[in-house]
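The structure follows.
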Amino acid sequence: MMRSVLAIGAHPDDIELGCGGTLAAHRAAGDAVTMLVVTGGQNGPGPVGERRAEAETAARSLDCLLLWGRLQDCAVQADAATIAVIEDAIRQTEADVVYVHAPDDSHQDHRAVAAATVSAARHNRRVLHYRSPSTTRFEPSVYVDISAHLDRKLAALACHRSQVASSAMVDPEVVAASARHFGAQARVRFAEAFVPSRFVWDLSPPPQLPPALADMPVYQAAYRSRGVT
Amino acid sequence: MMRSVLAIGAHPDDIELGCGGTLAAHRAAGDAVTMLVVTGGQNGPGPVGERRAEAETAARSLDCLLLWGRLQDCAVQADAATIAVIEDAIRQTEADVVYVHAPDDSHQDHRAVAAATVSAARHNRRVLHYRSPSTTRFEPSVYVDISAHLDRKLAALACHRSQVASSAMVDPEVVAASARHFGAQARVRFAEAFVPSRFVWDLSPPPQLPPALADMPVYQAAYRSRGVT
Amino acid sequence: MMRSVLAIGAHPDDIELGCGGTLAAHRAAGDAVTMLVVTGGQNGPGPVGERRAEAETAARSLDCLLLWGRLQDCAVQADAATIAVIEDAIRQTEADVVYVHAPDDSHQDHRAVAAATVSAARHNRRVLHYRSPSTTRFEPSVYVDISAHLDRKLAALACHRSQVASSAMVDPEVVAASARHFGAQARVRFAEAFVPSRFVWDLSPPPQLPPALADMPVYQAAYRSRGVT
Amino acid sequence: MMRSVLAIGAHPDDIELGCGGTLAAHRAAGDAVTMLVVTGGQNGPGPVGERRAEAETAARSLDCLLLWGRLQDCAVQADAATIAVIEDAIRQTEADVVYVHAPDDSHQDHRAVAAATVSAARHNRRVLHYRSPSTTRFEPSVYVDISAHLDRKLAALACHRSQVASSAMVDPEVVAASARHFGAQARVRFAEAFVPSRFVWDLSPPPQLPPALADMPVYQAAYRSRGVT
Amino acid sequence: MMRSVLAIGAHPDDIELGCGGTLAAHRAAGDAVTMLVVTGGQNGPGPVGERRAEAETAARSLDCLLLWGRLQDCAVQADAATIAVIEDAIRQTEADVVYVHAPDDSHQDHRAVAAATVSAARHNRRVLHYRSPSTTRFEPSVYVDISAHLDRKLAALACHRSQVASSAMVDPEVVAASARHFGAQARVRFAEAFVPSRFVWDLSPPPQLPPALADMPVYQAAYRSRGVT
Amino acid sequence: MMRSVLAIGAHPDDIELGCGGTLAAHRAAGDAVTMLVVTGGQNGPGPVGERRAEAETAARSLDCLLLWGRLQDCAVQADAATIAVIEDAIRQTEADVVYVHAPDDSHQDHRAVAAATVSAARHNRRVLHYRSPSTTRFEPSVYVDISAHLDRKLAALACHRSQVASSAMVDPEVVAASARHFGAQARVRFAEAFVPSRFVWDLSPPPQLPPALADMPVYQAAYRSRGVT
């Protein structure tokens, strides 16, 4: 019994910052998790090759599958091309749940990826927006308890050495503080917070993924070899 | 494995109108469900005794427990007394999920019960606001699929004969239309819609209620005799 | 005595879905109504030629004038070119009232047409946003009673056979349910709902259109031959 | 052909400040207008008797009917008693349109009258909130052009001599400036601005009031003697 | 050169939790600061006498003046009596800045004190709402850097021993985490966050308080003896 | 002791309309002020050369430095190029405070400049959005008292003769009325109103600008020659 989860971020490290603990919780619950990084992070500090390797290490540390969107850092538009990249990932993973940036953000790529995901996931029943350090307006109402997973989130984030070293926006101290802040709001110890675009609460246990899933390209080379399904 | 659900309404029929289908879905998933009706509906059409009997029939048709708050119709305040009534019900049921009116409503009792519940449920992890026909502002983001339960909702509502007959606000045609309207928003056939005050999504299956529950006064006379636990 | 009404949609069928009943009510009140379809709907199900013919049949069934914007489906931007197309239609029709998509929508073309119309209609006194099946956030406060016109709305929608047959977003059952849902909110039977950008309520009866109107290109070939003015 | 208009304010001068120009426009369009002042303004500057006389002079200057609610200044609650006073006025006037304070206001009576009116007018199709000098949050979307009626608004306000002389909140200079400010927003010269709770736009000319109206107590002694109907 | 600052809270410890660091920053800038505690905290954990002593110790540790409102815990109403208590404190302190609870809060007293302060401070140019652990909706846009004052905030909070020991809502770990969370939002290390009701930014240095201030009752016994002015 | 202020507008006259009085107040307080006009206003009424000269006269009348962004009127995008222009101005001026358009506006360039500034100023502690005549949604909470500076604002605006003569959006009568309207909200006579993206209130007097500032290119040719620093 498992869900298929898709987390989408504009740059390497965005997903870990926004919902890394929640992804760890999904894996602990036996769900399949795929991360889609839309650009290569060409403009951030650190060379592209290094960032790519960091993202792969981080995804491995969270035991998640990693997909790349191959768009250009700082030039993402919420247009048909970006939407197609995300639709493709939704189709490949048959996603039950989609996580993505919040729409109000000071980074133009984050805004574009959020808007493009709202378009691409128009038929999905669960689309949740996470918070980035650059998010501006954010009034969360949905939370996931990550008390048992904060360590894994911080470990995954630490894999992005080039960012932790050089970006004012990536600060583990703040990540832990925000998790405690939202935890208090959620009446747990540590939490990640979300703004739902649309969240159909499934009262029955998570669905059994169809057998055909294990044969889909996105999972064949990955989960099967790791013995997940 | 079951959750303890508490649904709160100001008058007889409010709960059925707002989340009757969701309560049926909870029962179908094996959860324990309690309805707390805060007043006797003394001012609506129909004598109090009749309304009381209607509510009991409706609760029975949904296979839910029914509690009465004994406050006065049209005179509910969001004060310490009302909060105490609701705190008491939360404590008795050890509620995992609380459903209640939306805060913006043209009925003063609905506003008061919503505000008092936000106070009483301040330590709860899941508080969801449902919509009434008199609700004014309402931007839902959480939904429950009631496609398999709309019939039971309408049947429970039909038990409130005095209201269906005389109140312009209680119209089964509108109830079904709104369920289809929100269903389309939720990407299912029929849905009930909710605004979350706070919703901690539990990724693991619903918790096993502690054995002690079956011994609590609120459940002893009720569920046990019906063989629920 | 008549108003000049302009309804704007990104694709064939958008206007009928959003405000088809209101347009019928305007025609019944003797107002002149023009529909501006910004793109040819090249990407939806059904060939372009067929969709064009469907839109023309639908406009005829509502007895409205139809203008085409000739932009490209799924590639509309809220830029100077799109704004110019809409400004042109506003000028040609000397519009008293403008209807258009709501700004928050999962379809990028809908968002772009809404934003471009807000720009183009900056001097207009009445700009009302309608709801599409893909609209996300929508808190209406203005309504039009379409109890006497729902049939015409559904008939106009049925003209878009290619969409009714193949698009999950075009479902007459949902259209009728939403009309009842909003009708209950408006305290009538069936209603269409709107979010006003700016609505100057004219307390005097609708103005007599200037005689010159009948000589303007947009109306000459159309209304005159149908004996509208 | 006329509408029945009901404007509600907590204290003498509130209605003139909030929608005096609009009431003049309604009278100019041939509509019947009733003002309901909920309290006697016992706590403001000026003796009660003087304020009562000022309100009567102002209502006469606007050629509107004046009703008094007889509640206590600074002690209004949004409870059943206040709601009953307003329901009574709605019933007596068979109101087509209801004007009242905006809900977010620094005066507790204004908040209470706004909330009580939302309750009392739950079956009405047109409820519009006006702005007071003490209103806090206010995002208007509906406007009435009062360019031809600003003088009458200022004249009606000037009747409240005790307030113009002593209250920092009643300043004709600000009233005129705000009318110009909102006029620019509405694309007219002077306007009053409103937040609609619910506004059903009637596309046909305003309804003919039923003949029975002239026989209702509220109008008999008043309009008839002035030759309005 | 100094400002007169008034911070208002419903219960002992509310002010320290919400804006204790900011009050320390005001004192460090040479401003006069008064705390008004509206009730005695009769219902919280700990006896009233003890709570009173804790509040006095905390105020002394922040070097602020302490006033008591003498209303009843859990029974505060936003009525004329509560407004009068706050008006009195504003008048006595000739407050330039007023800090108070945010309006959306799960504690009924917090809601009432926030609403009453908005009424009482209707002529004030600077009214800022702070966040409590029980605040629900809160979208801050104004911040004060308390990096140099977090220690004093935590020390003042620690004076409320009965609360730190027994209330789930008073947790120094969360207080520090939230300060870091809001600090990151404000682009400083630690911050307190505020929602402004009205904030007139004074571009010139803070005004010299009039000499007469030192003679006002509220300051005579207090600041003078401590040599503040 | 002075602040470095940067005001950003899409076209010549936007800054004067939005915050001209505030800039005068900053200059009166001894602050350095730079205006960045992002486009040449090629599409408005009046030839580009004339508009350029008008802007220079206006900046001189306010005693502010003027920078040009050299982007194209009506074609501004919130993309990396626009962000780079603004980042460059922030860097050159070492801005303490940034003023820019409000995000919701009927002019596409205003929307784009607002969004690009939110991106470019992501590390700034004070970003305030001003209102334009074309702004749509605007709920201000921060104000600057311009009672002593309204004349200078109107004089600066009058320098833009081509706009005052021909644009319906540039009307000194409305500018003065809005200043009075917002002044009443701010409890002063005339005010400009702002929506803060982020405003860290500095309780200590404004910082002494570093000596190096006078050597930066942006100030060398300008302020020094005018003897400002």
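Order of writing sets the labels: A, B, C, D, E and F. Residues in every chain begin at 1.
The definition used in the following text is that a contact is a pair of C-beta atoms (placed from the backbone, for glycine too) under 8 Å apart; a residue touches a chain by one contact, two chains touch by 3 or more.
Every value quoted in this text rests on a predicted model; they were computed, and no experiment measured them.
Listing every chain that touches subunit D and subunit F alike gives C, E. Where the sister copies subunit C and subunit F meet, the same residue numbers recur on both sides for under half of the interface positions. Comparing contact pairs by residue number, the interface of D-F is reproduced by A-E among A-E, A-B or B-E, since over half of the pairs coincide. Chain geometry summary: the mean Cα position of subunit D and that of subunit E are 38 Å apart.
Chain centres here are Cα averages; for subunit C and subunit E they lie 53 Å apart.
If you average the CA atoms of subunit E and of subunit F, the two centres end up 34 Å from each other.
Multi-chain contact residues of subunit E (touching two or more other chains) are listed as 123, 197. In summary, the structure contains touching chain pairs A-B, A-C, A-E, A-F, B-C, B-D, B-E, C-D, C-F, D-E, D-F, E-F.
Contacts from subunit E toward subunit B in the complex involve residues 74-75, 106-108, 111, 134, 136, 168.
Across the complex, subunit D meets subunit F through its residues 133, 137, 139, 171, 173-174, 176-178, 180-181, 183-184. Against subunit C, the residues of subunit D that register as touching in their complex are 22, 25-26, 28-29, 31, 123-125, 141-145, 185-188, 191, 195-206.
Those residues of subunit A that touch subunit C in the complex are listed here as 78-80, 83, 115-116, 118-119, 121-123, 197.
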